[in-house]
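Multiple structures follow.
Shared between the two complexes below is subunit A, which has subunit B as its partner in the first and subunit C in the second.
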Partner chain A sequence: MANAEAAVRFAELPVPTTHEEPWRFTDLRGFDPASYPVPTEAIGAAAASVLPDLDVAASAEVSEGGITIHADALPAGVRFEVLDEHDPRLYGLVGWSDKFTAHNAALWKHGLLVQVAKGVELEKPLYVRIANSVPGGALFWRLLVVAEEASRFTLIEEYASASPDLPGYTNAAVELYVEQSAKLEYVSVQNLSRETWHFATHHARVERDAELDWVAGGFGSKRGKIRIQNDLNGPGATSRVTGAYFADGDQHLDYDTFQEHIAPNTESDFAFKGALRESAKAVWRGMIRVEKDAQKTNAYQENRNLLLSDTAHADSIPGLEIMANDVRCTHGATLGRVNRDEVFYLMARGLSRAEAERLIVRGFFQDVLDRIELLPVREALGQALESRIPQAL
Partner chain B sequence: MTQTENEIVEGIGSDYAIKYGFHVAEDYFFKSGRGLSHELVDAISSHKNEPDWMRKFRHKSLDYFNARAMPNWGGALSEIDFDNIYYYIRPTEKQADSWEDLPADIKDTWDKLGIPEAEKKYLAGVGAQYESEVVYHKLQQSLTDQGVLFLDMDSALREHEDIIKEHIGTIIPQNDNKFAALNSAVWSGGSFIYVPKGVRIEMPLQAYFRINAENMGQFERTLIIVDEDAYVHYVEGCTAPIYSSDSLHSAVVEIVVKKGGRCRYTTIQNWSNNVYNLVTKRAVAHEDATMEWVDGNLGSKLTMKYPAIWLVGNRAHGEVLSIAFAGKGQHQDAGGKCVHQAPNTTSVITSKSISKDGGRAGYRGLLEVAHGAKGAKSKVVCDALILDDESRSDTYPTIRIDENDVDIGHEATVSKIGEEQLFYLMSRGLSEAEASAMVVSGFVEPITKELPLEYAVEMNRLIQLQMEGSVG
Partner chain C sequence: MALLELKDLHVSLEDGTEIVKGVNLKVDSNEVHAIMGPNGSGKSTLSYAIAGHPAYQITQGQILLDGEDITETEADERAQKGLFLAFQYPHAIPGVTVTSFLRSAINAVRKAKNGAVDDPIPVPEFRTELFAQMERLSVSRELASRYLNDGFSGGEKKRVEILQMAMLKPRIAVLDETDSGLDIDALRIVAGGVQELIGPNMGALVITHYQRILNYIKPDFVHVFVGGKIVEEGGPELAKKLEESGYKEWEGVPA
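Entry: the complex of A and B
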């Protein structure tokens, strides 16, 4: 039984410290995941969504109390249902090797299976919202997605909290199987309360000629780590991950991305942009690893940060580990501030300082937003980013 | 890659056995036993007749070394057998200032390496370290007359104890890392340089480090102080015989560049493929000062070395040019660090790494901007070439920024040179290539980076290597 084994693993492992390389810049002192009780009932209603009312094919809501599924009009071949703990694919990509995946594997109760059969295409997106609502409680969430051969669909996942200052701990494990020639668009927007510790591991495996298009939006949470791994496992596989984040106050965001090229002729393209205000911190780690057989790999990664205050802080740790010789791998990281000339120019045109900054932030994010194919999601994320600049500065 | 470029890379290290890989008989004044202990530390200190504070410094450092865990990153260090190493070998009783005064075998070695010849033509001063001691040392009289100090570190401790005591371990604390602690415990040899205010030494000073014995541990310690508006270019080279068992080289280099001063430190590291090369190098650059590391790593089994510059004064400027070449059985974990701690400081890190025949080469670096270092500018450009499917390249650049009024960029490209780039390269004339080389490294003054030294020929070629014509 996986859960028992994972529970032992969780108990054995200490909370990671900054002496461990992946946690060097994210200090978890004062946080003990084991101290959070796991409530079985939600309190009140969840906060508003940053996404507009989407016209969806099916939706689900997840809280401490359980999972509610609205999937009345789904076509044949689409499974959108409670995840069975005996599903053969479960733990295939996210097991329980580290403290937080072990905690999830040991304690998750509410999970969702999204499986789209061979050749089935969905026009409307599928949507799931995960919201914590119990002060001081933990919420574990597990998602398993299977895009069978030549299927095409979109899945939107949104994390929210019942109130903006709710203290809590959320732990997510997401496994995405993108099988031959399938195309999956996966949007994961994290807008948890600024007092929620959030740990998530998202791992996708992309097979021959399949395509994964992933959007990660990060606005909320107190501290934690979001891991994103893409395995390019079959020739012709491609993945694109677009990240946009905004943090302020004393928020600390940590993205840890891994582009794993296993098969030849694969492509990956990761672009993350973030803006930081006040004393916010962002850590971004990105590793491109090209295995020996993955010739003709084309891999790209970039992280660009915009610091909007004197006390914001950003760490970028891009990395390349290349074992094949016929490849093209490029990465870039830059960091800059709001250009004073630009602000001055805009203010001279009659804009307020806040308006000017908002415009500049919008411009900074524009190219990553342009990568988002779903128009409503693109607009909603753009607005969510802009809305973080206060009306008056 | 063009045919000429291919030839450049092909040729590297091919004649190592003949040119550098030889060894001569050991006929030494003193050779310690194998292994590391407080008794050994005492023996070294006694042998050198050191002041008590240095003896204590060594003992304390050994405690730090023993207490620290081995680094679990970088390269494979677990095979280093610290008990099998000779930590101190004194080849001759006295240091010579004439090559003729050296024992025949040792003199022959230097002749084969071309050091006396180079001294005549290009160098303002030469130190030659053989095993643990600097056996030959000389500085041009005109520089001595201007107050320049250039001597081996042991002599410096005897003759200028106050300066050494004031500075040693201040740039690189003895407990900075495990191998800095080891060096601090058993150091011997290395260079001490002091360049007085306003003195510009036009020709380079050079130190050459030679290991001859099997299972040798060489632990030189270098301290360079460049006073206000002064300039020095220090060059170090190193080679060793090829043995089937391992040797260890672990140096500590501390540099202070005062207001308006400039120091260039060039390394041509060409240890044989049985030498672990684990070195800590750090410079502090004060107001308007410039520090440049030109760090060429061609040899060794494993190198872990990241020359660092702490930019502590306004407008200080730092440059790191890291050239790493890894052939069969080699792992070059090279790189550089620039830490901006003052306003309007600037830095450029350029890395070129090449791996072939199963070698592993890479860049590991840190770019840090402290809060308050307003107007800091930095650029990090890494290019890597992997020449076959047995080899590996790694890039690990860390960027930490605590200040928003900065301009920071990092780029890295790893590729096989394709048709397109080949065409691009061929369509470019030499003059433009020269110009772009200047842009890549961004050196503030067009001093040539090439050295007219026989043992620098291969590194000069690598510096020239265009690597897909990248101009950052």
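Entry: the complex of A and C
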């Protein structure tokens, strides 16, 4: 029994400390995942969405109380349903090797299976919203996505909280199988309350000539870690991950990304940009690993942070581990501030200081926003970022 | 009452070094004043101080716009009141297109004029005006959707400065070495664009090292600026004299 094994593992493992390299910049002291009860009913109204009213093919809402699915008009070959704990692909990518994936595997109850059959193309996106609503409670969430051969579709996942200061703990495990020649667009937007500890492990496997286009938006949560792993597992596989985040107050965001090139002729392109205000902190770790058979790999990663106050802080830790000899890997990390001369230039045209700064911050994100193919998502994320820039910085 | 008046203006850098050492100047609408001075004499410092750059501190004296003391106001307020500075070195703003920037700037000025209530320019009106001005100043259409000054050539930046001026229609324009980086054809077009705006609604302060631009924007008054001070004043003939003999006569004169 997976659950039982995972529960044992969870109990055995200590909460990671800053002595462990991946957690060096993310201190979890004061947080005990075991202390959070797992409610079985949601409380109050649904959380607000940062995404506009999208025209979707099907949607699901997940809360402590369960999962509600609206999928009346789905074409044949599309499964959008409650995840079965015996699904053969479950745990294939996200098992229970560490404290948080073990916690998820031990306790998850609500999961969604999204499986699109061979050759099926969906024009409208699929949408799932995960919202925590019980003060002091935990919410475990599990998503399994299978894009079968040559299928094409978009899945949008949004994390939210019923109120902006709801204390809580959310733990997500997401497995994405992108099979031969399929194209999956996956949008994951996190807008949890600033009192929610959030841990998520997203792991995708991309097969021959398949394409994964991923957008990660980070606005909420208190502290935690979001892991994103892409395995380029078949020749010609490509993945692109675009991240945009904004944190303020004492929020602490942590992204741990892993580009794992297994097959030859594969491409990955990860670009993360974030703006940080007040005492917010961001940690970004990027690892590109090229296995010895993965010749002709083309891998790129970048992380650019814009600090909007003297007390904001960002750490970027890029990493390369290359076993093949004919590859192209590039990475870059920068840390910047809003430049006083640029602000003056805009003010000299009549823009107030706040408007000038807003325009500069918006401009900073523009190139990552431009990478988002879905126009409504691009606009919604742009607006969500913009709304976080206050009237006066 | 002059449109722009500088009264005994002193400007220091943040480290306290005084660069502008007492300037008196009056510019009216319908007038072109040239300030001519060698490199390092403090011309850009003077123009930044007029526009309200916080790094250039006015330690003494006043700046008046229509008789109103604007010495203590911020750059945005000065611009909203009709002051425009064409930068010697315009900054790049990645991710912000020329079009969206111009619309924001115009709307900011309109809002200020409308008692702090939004009064956005209708989009069709804005586009018509923008394309007409771009055509007049030979700015290629493609630049409108590029990010402001990002990767622009020196000449493109200068043209876009004047495009901004043409769109914002200031009452007083300070042009800081707008001629540098422009070839003769571009200079003719840009200067023509400025000249056209000079009239009952606008006066200009043309800051330059060389006399060249003054062949296209005819100055009514020329002020020779050396070591942070106006050392001589006269009519257009003074510019010709400078072209021949340079600034030697005044350099080395203790400030």
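Details
The definition used in the following text is that the second predicted complex is superposed on the first by the 391 of 393 C-alpha atoms of A that agree within 3 Å, B and C clash if a C-alpha of one lies under 4 Å from a C-alpha of the other, contacts with A are read in each partner's own complex, and residues count from 1 in each chain.
Criterion: contacts are C-beta pairs under 8 Å (C-beta built on N, C-alpha and C of every residue); 3 or more make two chains touch, one makes a residue touch a chain.
A quick note: this is a predicted structure, and the numbers were derived from the prediction, not measured.
Comparing subunit B with subunit C, the partner in contact with more residues of subunit A is B.
In the superposition on chain A, contact of A:295 is made with subunit B only, not with subunit C. Applying the stated contact rule after C-alpha superposition, one finds that A:359 touches subunit C and leaves subunit B untouched.
With both structures placed on the common chain, the touch criterion links A:344 to subunit C but leaves subunit B unconnected.
In the superposition on chain A, none of the residues of subunit A is touched both by subunit B in one structure and by subunit C in the other. Of all residues in subunit B, only 73, 371, 384, 386-389, 391-416, 418 touch subunit A in the complex they form. Residues of subunit A that touch subunit B in their complex: 21, 25, 292, 295, 305, 307-337. Subunit A meets subunit C in the complex at residues 339-342, 344-353, 355-356, 359-360, 362-367. Per the touch definition, subunit C reaches subunit A in the complex via residues 51-55, 74-76, 78-80, 84-85, 87, 90-91, 93-96, 101, 104-105, 108-109, 112, 147, 164, 168.
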